[in-house]
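These are the structures, in structure tokens.
The two complexes that follow have chain A in common; it is paired with chain B in the first and with chain C in the second.
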Partner chain A sequence: MRLELGKIYIKDVQFGPQTKVENGVLYINKEELLKEVGGDERLKSIDVELAHPGEEVRIIPVKDVIEPRVKVEGPGGIFPGFISKVDTVGSGRTHVLKGTAVVTTGKIVGFQEGIIDMSGEGAKYTPFSKTHNIVMICEPVDNLPQHEHEEAVRMVGLKAAAYLGKAGKDVTPDEIKVYETLPLLQQVAQYPNLPKVIYVYMLQSQGLLHDTYVYGVDAKKIIPTFIYPTEVFDGAIISGNCVSACDKNPTYVHMNNPIIEDLYERHGKDINFLGCVITNENVYLADKERSSNYTAKLVEFLGADAVIISEEGFGNPDADLVMNCYKIEEKGIKTVLVTDEYAGRDGSSQSLADSTPKADAVVTAGNANEIIVLPPMKKVIGHPEAADVIAGGFAGSLRPDGSIEAEIQVITGATSEVGFGYLSAKTY
Partner chain B sequence: MEKTIIVTNNILTMQKLKSKHKIDFVEGTLLDVLIKVRDYIHKNHKLLTHPLMGSIKPNQTPFKSVAISLKAQDNIDVESLMYIEKSIETAESLIKSKPPRKWPENVLEDFRVIDFDLIYNALNR
Partner chain C sequence: MFKVVHYLNQFFANIGGEEKAHIPPEVREGFVGPGMAFNNAFKGEAQIVATVICGDSYFAENTQDALKQIIEMVKKYNPDIFIAGPAFNAGRYGTACATIAKAVKDELGIPVVTGMYIENPGVDLYKKDIYIISTKDNAAGMREAVPKMAALALKLAKGEEIGTPDQEGYIERGIRKNYFASERGSKRAVDMLIKKIKGEPFETEFKMPIFDRVAPNPAIKDITKAKIALVTSGGIVPKGNPDRIESSSASKFGKYDIEGVYDLTSETFETAHGGYDPVYANQDPDRVLPVDVLRELEKEGKIGSLHRYYYATVGNGTSVKNAAKFGQEIAKELIADGVQAVILTST
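This part shows the complex of A and B:
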């Protein structure tokens, strides 16, 4: 499967009479966009605002972030199972409006978190302070059940990203990057002397506000299976995960999964990247046994010499991470785990809720309990009262000057468990 | 779905699942629920759902529901014991790091709904 990703670099986003990309600027016809995403009776109102890097703007509470993309050549369309039919995606050509992001805000539950600061200290912790953000603000009808609310806001985000992505369809990309994974036997034969690597891609799948979808299917109902990495770039994996802002994978992060990007970068150089095995993180312990058994069986069958495993979430998924690690290592296949930590404010507590001596190669994306001070912002987009909940919440407190002292877990993407962020370690 | 014991301090879980499962309702904290679960495990019941289900941290949500086997086995299930001990350790550590706050009733209701949904989905999959 071969995908050309045509990157159109967008340096500014403005409202204008026609939705189009011209000279690196994305112009948006606001009325047309709102018409495109509207019509869901579950939402009382939808509005859109823009937020640019460097502005004194806070977006809160962030539900999802999605990248505008469009399928230009090849089968299927973007976000299969939701916006497009379920044709297999991941081949041909896709255009991306690089530097833009659709951000949805919606107060689905009263403790909703997720902060994107476009400037100041908080901006350093979220990758979405560097994108021109098209923020969709959704208000539900009264007494809308939480799961309906989540679904309605999720669809607004996908529709908006698909609509905006179309503006790049006939634009010549600034850069074209080619990704290719061959059918297994051919892929193995292509680089016979390089170690064969599989990426075990764990998807949050516990239930309400903790779900992920694959081609429209609720991931808690799948058994682990193979997916070509380029399918993910076309939006085959969608986030319905709304809690734990710092380490949930927004749809944007799935579409730009940096583990996949990095494995492709080294593909044919020092590794042979065979593809991804997606698996879930269910609550029922027998499901965990089945999924980890299946995952280990599948990576062995695919002939992996080594496996990278990333998890999504806290607590319960640690058990899946450890089971996957243990069972894959038992088959004589090396593993590297990617996670984040809840190690207390001083970082000295146990980082995960589970462990195994076989997990002897672990990459951390940071300690979510670390403290940060967020300065007051001139403008808040979304639901300002959510800041009060965070300020008075379990992870933050309001200071007299209006700044918020909070754990970095309230910031969208701060400790991304696929490493889509800026935290790194230095030795002195 | 087989009948289980659900240890919970979430009234919504009790109301919605009491017709199909045996409910042990705990008038207490999330940690009290986990400790009650550990008691059952010491009496040879098997853990069926992960005690730290959900990404909402144990010092954030006050509610927890955990399913265990209706019948005791002949011996203690060591894996169940490991899970509950590690879960209690993690919960205690986070609660010590930052104790839970008092939430308004509408937020408490959201926590109840999510806790119920997660245990419901775990048992009805």
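This part shows the complex of A and C:
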């Protein structure tokens, strides 16, 4: 499967009479965008605002972040199972409006949504302070059940990203990256002397607003399976998560999965990257056992010499991470884990809920409990009072002057467990 | 120039060995014994103005009084830095160094540094609170330890940023601190994977703790014949806490006779635990240590008998190392007493 990813670098986003990309600027016809995403009776109102890097703007509570992309050649369309039919994606050509992101906000759904600051201390911790954000503000009708609220907002985000992505369809990309993974036997034969690597991609599936979807299927209900890495670049995996903002994978991060990108960087040089095994993080022990057994079996069957395993979330999924590691290492396959830590505000507590001595190679994205003070911002998009109730915040997090004292857990993408960020931790 | 007060035991102050371990705290102007090496290592940036000396036994047996006296002695010199030891693998000396250093840090608010061997009991007690330079297990390590202790003390006094344990030579305090790495996490993971595949050395960013997993014993065949004991980390002790089990970070456990006791009441028992709201446990200690229920089962013949003694400690911030030691000691006694099953209650 071969995908050309055409990157169109966007240096500014503005509202204008027509939605188009011109000279590196994305112009958006606001009315047309709102019409495109509207029509869901469950939402009382939808509005859109722009937030640019360096502005004194805070977006809270953030639900999801999505990258505008469009399928230019090849089967299927972006976000299969939601926006497009379920044709297999990941081949042909896809264009990306690089440097832009759709961010969904509005009344809080649950407890676990995030903050994006476009400047100040908090901006260092989120990758989405560096993107031009098209913020979709979605307010639900009264008494809307939470899971429907989440679904309605999720669809607005996906529709907006698909709509905006189309503006790049006929634009000549600034850069084209080609990614290719062959069918297994051919891929193995292509680099017979290089160690074979699989990426074990754990998807948050604890349920009750902790859901991830693969081609529209709730990942809770999957048996671990193979996916071509390029399928992910076309939005085959999307987030429906209201879990802690710091270490969930927003849809944007799935679409740009950095482990896949960095494995491809070494593909054909140091390793033979065979593809991804997606697995889930269900809460029942039997599910954990079954999924980790299946993952280890599949990784062995595919002939991997080594794997990278990434977690999503913390606490309960630590058990899945450790089971996957243990069972894969038991088969003589080397592992590297990517996780984050909950070591307490002073950094002195036990970081993970489970452990195995076999996990001797771990990358950490930092301690999510560390406290940060976010300065007041000139403008807040959304609902600042959510700071007191989102995970990582506490009563009094939102101070009278508009500043926020909270754990970095509240910041979208702060401790990305697919290693999208630079944060790490050391023992002192 | 920074003023330094140094702490030594009777041995390193050249007063004597075990036969002089009972001497009470005293203070001398200037440096004593290894203090000279410290003065050299400070290279004119600091100087020992006084040395406090105390016998190891005296300190161990009169900790609170000795601590008070020593703090007063240190205070008098208004120092900028406090240095204790190094104590190498001397257990009482190490514990004294660390206890005093922590108290000086807390009460006088000045930087403190001590040094000891990794297995010195003072390390586990205080490594989270203070900087302990890692040393050899005997005084032959003095030459290596002193420059590291002096350098770290100067850094602390100047308010400079303290590096990692590897850089500075102190024993890991177990504090996780965030920093921004130069590469993103995914790249670090791929690099680490390639090193691991090639068999090249790599450094994990998080050392997994090693949990002690205990395989459960087979089930009791006939519970109606079994002698059952109660063991709790919920802190239930006879009223007045006769063994003075600490309310947190327990250093001991108690063994208590419940012969003829059919019900724990608020008059006779209480909890020593400081980690939960004690009201309900104190109202009826059976809620944590179910003696009443077991006596009924004993009477009804549903269990063989309740063991004459129960064991209690406080599981509140108690180190895993202490807890494991208690467990081993308790298990040994229970087996010797012919107990077949134990009900463990927490809080």
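Note that in this section the second predicted complex is superposed on the first by the 403 of 428 C-alpha atoms of A that agree within 3 Å, B and C clash if a C-alpha of one lies under 4 Å from a C-alpha of the other, contacts with A are read in each partner's own complex, and residues count from 1 in each chain.
Throughout what follows, a residue touches a chain if its C-beta (ideal position, glycine included) is under 8 Å from a C-beta of that chain, and two chains touch if they have at least 3 such contacts.
What you see is a predicted model, and the numbers here were worked out from it, not measured in a lab.
Q: Could you tell me if A:428 is touching chain B, chain C, both of them or neither one (first, second, both, neither)?
A: Once the two structures are laid over each other on A, A:428 reaches chain C alone.
Q: Could you say whether A:288 touches chain B, chain C, both of them, or neither, answering first, second, both or neither?
A: A:288: touches chain B, not chain C.
Q: Which holds for A:47: it touches chain B only (first), chain C only (second), both, or neither?
A: neither
Q: Quick check for you: in the superposed arrangement, does A:388 touch first (chain B), second (chain C), both or neither?
A: Neither chain B nor chain C is touched by A:388.
Q: Is A:334 contacted by the first partner chain B, the second partner chain C, both or neither?
A: second
Q: Just checking: does A:350 make contact with chain B only, chain C only, both, or neither of them? Give me first, second, both or neither.
A: Once the two structures are laid over each other on A, A:350 reaches both partners.
Q: For A:197, is the partner it touches chain B (first), chain C (second), both, or none of the two (neither)?
A: In the superposition, A:197 contacts chain C only.
Q: Give me the intersection of chain A's contacts with chain B and its contacts with chain C, in residue numbers.
A: 350, 355.
Q: Once bound in the complex, which stretches of chain A touch chain B?
A: 109-111, 146-147, 204, 206-210, 220-221, 241, 243-244, 247-248, 282-288, 313-316, 318-319, 342, 344-345, 349-350, 353-355, 369, 389, 392-395, 407
Q: Would you pull the chain B residues touching chain A in the complex into a rising list?
A: Residue positions touching the partner: 47-50, 52-60, 67, 83, 86-87, 89-90, 93-94, 96-98, 100-101, 103-104, 106-107, 109-111, 113-114, 117-123, 125.
Q: What does chain C use to touch chain A in their complex?
A: Its residues touching chain A are 128, 162, 164-165, 172-190, 192-194, 196-197, 202, 204-211.
Q: Which of the residues in chain A come into contact with chain C in the complex?
A: Counting only chain A, the residues touching chain C are 124, 195, 197, 258-259, 261-263, 265-266, 270-271, 305-306, 308, 310, 334, 336, 338-339, 341, 343, 346-348, 350-352, 355-357, 359-367, 370, 408, 416-428.
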